[in-house]
Amino acid sequence: MSLEREPEPSSPPTAPTPQMDAAPLRAPAIVNFVAASGPVAEEGPPSPIRQYLRARGNGGLADGTFAAVMLVCALSIFAIVLFILTILIARSRMSLAQFGFGFFTRSAWNPVTGDFGALPFIYGTLATSLLALAMAVPLALGVAIFLSELCPAKLRAPISFLTELLAAIPSVVYGLWAVFVLVPIVRDQLGPLLVKYLGWTGFFEGANFGVGLLTASIILAIMILPIISSITRDIMLAVPVSQREAVLALGATRWEMIRTGVLRNARIGIVGAVILGLGRALGETMAVTMVIGNHPDISRSLFAPANTLASVIAGEFSEATSSMYISALIEIGLALFLVTIVVNAIARALVWAVTRGAPARVH
Amino acid sequence: MGVGIDVEHLNAWYGTNHTLQDINLNIPANHATALIGPSGCGKSTFVRCLNRMHETNPIARATGVVKMGDVDIYKDASPVDIRRRVGMVFQRPNPFPTMSIYDNVASGLKLNGFRNKAILDETVERSLKAAALWEEVKDELKKKSGASLSGGQQQRMCIARALAVDPEVLLMDEPASALDPVSTSKIEDLIFQLKSQYTIVIVTHNMQQAARVAENTGFFLNGKMVEFNSTDKIFTTPSDKRTEDYITGRFG
Amino acid sequence: MSATPIPTVTPSGEDGPLRPPTDFQTRRMRLNSARRYAVNHLVTGLAVLSTVLVIVPLVAILGYLIYKGASSLNLAFFTHIPAPVGETGGGMANAMLGSGIILALASSMGVPVGIAAGVYLAEYGWGTMLGMAVRFTADVLNGIPSIVMGIAAYSLIVMRQMHFSAFSGGVALAIMMVPTITRTTEEMLMTVPHAIREAALGLGVPKWRTVISVSLRTASPGIITGCMLAFARVAGETAPLLFTAFGNQFWSFKLNEPIAALPLQIYVYAISPYDEWHRLAWAGALVLILMIMVSVTLVRIYAGRGILKGAS
């Protein structure tokens, strides 16, 4: 295809003429090639479009205002955290001053005499959460493994959809079901079974009315299962396929491939997912309140009624009459807030380390 | 009509990477100027400095003087003003997926608040004709989404979109590299027809395309502009050995 | 798979005649293989078992809800307020309306702020330290127990005004919606290809207009989905309303008075000693969960897993 030069229709007097001599090899080719610093003589006035666009402001003020508004809204996230912190500290001043740090090491809880100590609730929270984790984590891992590695493709979407549905059920609905279905089961069927086979451990003494630590732990386990499973599944999917293939190429069975190729790489993230589940369990309120028995006691028996930090607030706040009572309850809320912030921050950091946080921008 | 561009001592960085080193050249008005060079030598960065798109990247920086006509585009005008006068066509077609063909082509005007329907209609028609796309889409202007066209059609629509705001300079960053040969030749024909009305700067790593389309060519290497001359001279009797090596295919 | 004998070489290194492997080697290798396969099957079985054990409570709960609640879903349920104690009939209409009012209030406050914060993260703060800090804090906030939000709203508004109100309930729920919507908005904006932003900027469109007319417009289906998800999530929350909206046995339209809400009413009825109220609680729970399931299903159809991951 030969290079055809069509004659230029209305060529302005700037026909290119190379001025340069054959320069030595090393000199940079700076060329005042064409003296074209001025605009070409325009044919007539600028078009209405050019006029319009030239006259239109460059939107500097609007840009700045818009960016500022977005920034303020983003900062509101920090403001929310600070606001909660300051208001809770402010309103619990009374009991903070009265009991100091000992608030969390004392077992008294007597609204009448004004003597408050949060230890029973710490015990209740820890006992139910850890027991719930012990029940939920193996199951959640099993579901995550099943969904990400073993599940036939057609079943994958429905089953993962069902687990997500589990996460969407409100706490109060779980509580309702637990009160009328789970409590009788624990009282009439599960309880005697546990006493019969595991009574020797000493965890199943005393009267069993169906409400108590055990029932609360069970419903809690059901509730935290979806989030642990969902995040574990994401983490497992984030492990590159090459890792799996490398292990398989060495002759491993399916499970060995999962164990060494996937879980080993993902264990930090899985720990994070578990801690996230713990964070959720620590703060779960409604379902726990409805089946835990609402009694500020520390007891080894899992059948005993108890209270958690969240459930004591939910259960007793509306009856709190004295300022000290309210202050003590708000202080418990403050403790709950701080603990869940720390637990969630650790968990999110671990999960982020494995999945690198927000997805990359698409270029 | 187009304006000429004078570049003096242009340096550009991406973070600590000194991407463009002391570029000096004059791009004549109403002509097509091609920029060639191996990948990663700074051609795209240079072109993005001409309409101040370079600075949209948070770690990017540029110093030097770039004059469009009389206007120093970095000191005398805001980026938004400059970009309204300089149109850009990107390597991959990037139509707005939520807008119809009509809205896509008119977007430069509509998104800047232009409301006159008669002029909009006329501008869209004119731009699509200039981009040689009018016949193919004129019946479905408002019904079809911009993203539902073929690759070559999308790129021509993007050219129409850039033309609709009546720019003085048209920058094209490897406009045909993602397209099939038929679309490519259509776009080259387009550039040939447009260059009498606009100043066109086209980045290409296809030397034959530069030879076909442009009057002047600049050769970039490793962030420096090695040689700038008429296309004829560059391709037949280059002054710099590096240019000759590149043209004859010894590297790149 | 049976073990194949390993060819051996004599100690001196020469290629002597191939000696058959010892019995010990073969048998151990065979046992090892068998054991590994047994473990594999066992683990597969356990995984399937756990999945079944997870699905069972879900089906049990849903089934029981339908069984107990469906019969009570008549017109009266949706149009009447609760009957006095001891009488049969009545409904939860005021609770449903109250929930609607509180949610509208919460959305009006939480959705704009959340979307704006998400816009900041995706369009202005991407990659900056501030952006990362905001994102991290939003994620952490998503895990804070809702009762803490309730107490905070109580401390700020109810204590000062000396009465419960729908407004304080709306504030408590709005605080919960903001971090969720922020993260989902950010994730959806990140899916907008950078190239079309550049196209708009290259045309001389100012940045603010680019964000609104290109980024937000392209991502709007996903952003709306994210808002629906946050809405569904707070619609079922009880704890933040316990000491803010407080509940009301009658119709209430004023934002400055206590107001009924569906999950709150379910709770109160569930722990009460009256059978009639238990019946209403089941029906209310069924309505609540149907609403939430519809929203989750719509979200699923529309946006897939990404959205739900961001909000958890």
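Labels for the chains are A, B and C, by order of writing; each one numbers its residues from 1.
One rule holds for everything that comes next: a contact is a pair of C-beta atoms (placed from the backbone, for glycine too) under 8 Å apart; a residue touches a chain by one contact, two chains touch by 3 or more.
Fair warning: this is a prediction, and the values are worked out from it, not measured in the lab.
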With respect to inter-chain C-beta contacts, which pair, A-B or A-C, contains the greater number? A-C
Max Cα-centre separation from chain A goes to chain B
CA centroids of chain B and chain C: separation to the nearest Å works out as 47
Averaging only over C-alpha atoms, locate the centres of chain A and chain B and give their separation in whole Å. 45
Express in whole angstrom the distance between the two chain centres, defined as the mean CA positions of chain A and chain C. 10
Where chain B touches two or more other chains at once, the residues are 80-81, 84-85, 112, 165
Note the residues in chain A that touch 2 or more other chains, in rising order. 53, 58-60
Residues within chain C bordering two or more other chains: 193, 195, 204, 206, 209
In the complex with chain C, residue positions of chain B that touch it: 51, 53, 56, 58, 80-85, 87-88, 90, 92, 94-98, 107-108, 111-112, 158, 161-162, 165
Within their complex, state which residues of chain B touch chain A. 1-4, 6, 24-31, 67, 69-70, 78-81, 84-85, 109, 112-114, 119, 123, 164-166, 168, 192, 196, 211-212, 215-216, 224-233, 237, 239-241
Quick check on the complex: what are the chain C residues that touch chain B? 127-128, 193, 195-196, 198-206, 209-210, 213-214, 217-218
Okay, in this complex, where on chain A does chain C touch? 53, 58-60, 62-63, 65-67, 69-78, 80-81, 83-84, 87-88, 90-91, 138-143, 145-147, 150, 159-177, 179-181, 222, 225, 227, 229-231, 234, 253-256, 258, 276, 279-280, 282-286, 290, 310, 313-314, 317-318, 329-330, 333, 336-337, 340-341, 343-345, 347-349, 352, 357-363
Considering the complex alone, what residue numbers of chain C touch chain A? 36-37, 39-40, 43-44, 46-51, 53-55, 57-58, 60-61, 64-65, 68, 112-114, 116-117, 119-121, 123-126, 130-149, 151-152, 155-156, 159, 175, 178-179, 182, 186-187, 190-195, 204, 206-209, 211, 232-233, 235-239, 242-243, 246, 263, 266-267, 270-271, 278, 281-282, 285, 288-289, 292-293, 296, 300, 305-306, 308-309, 312
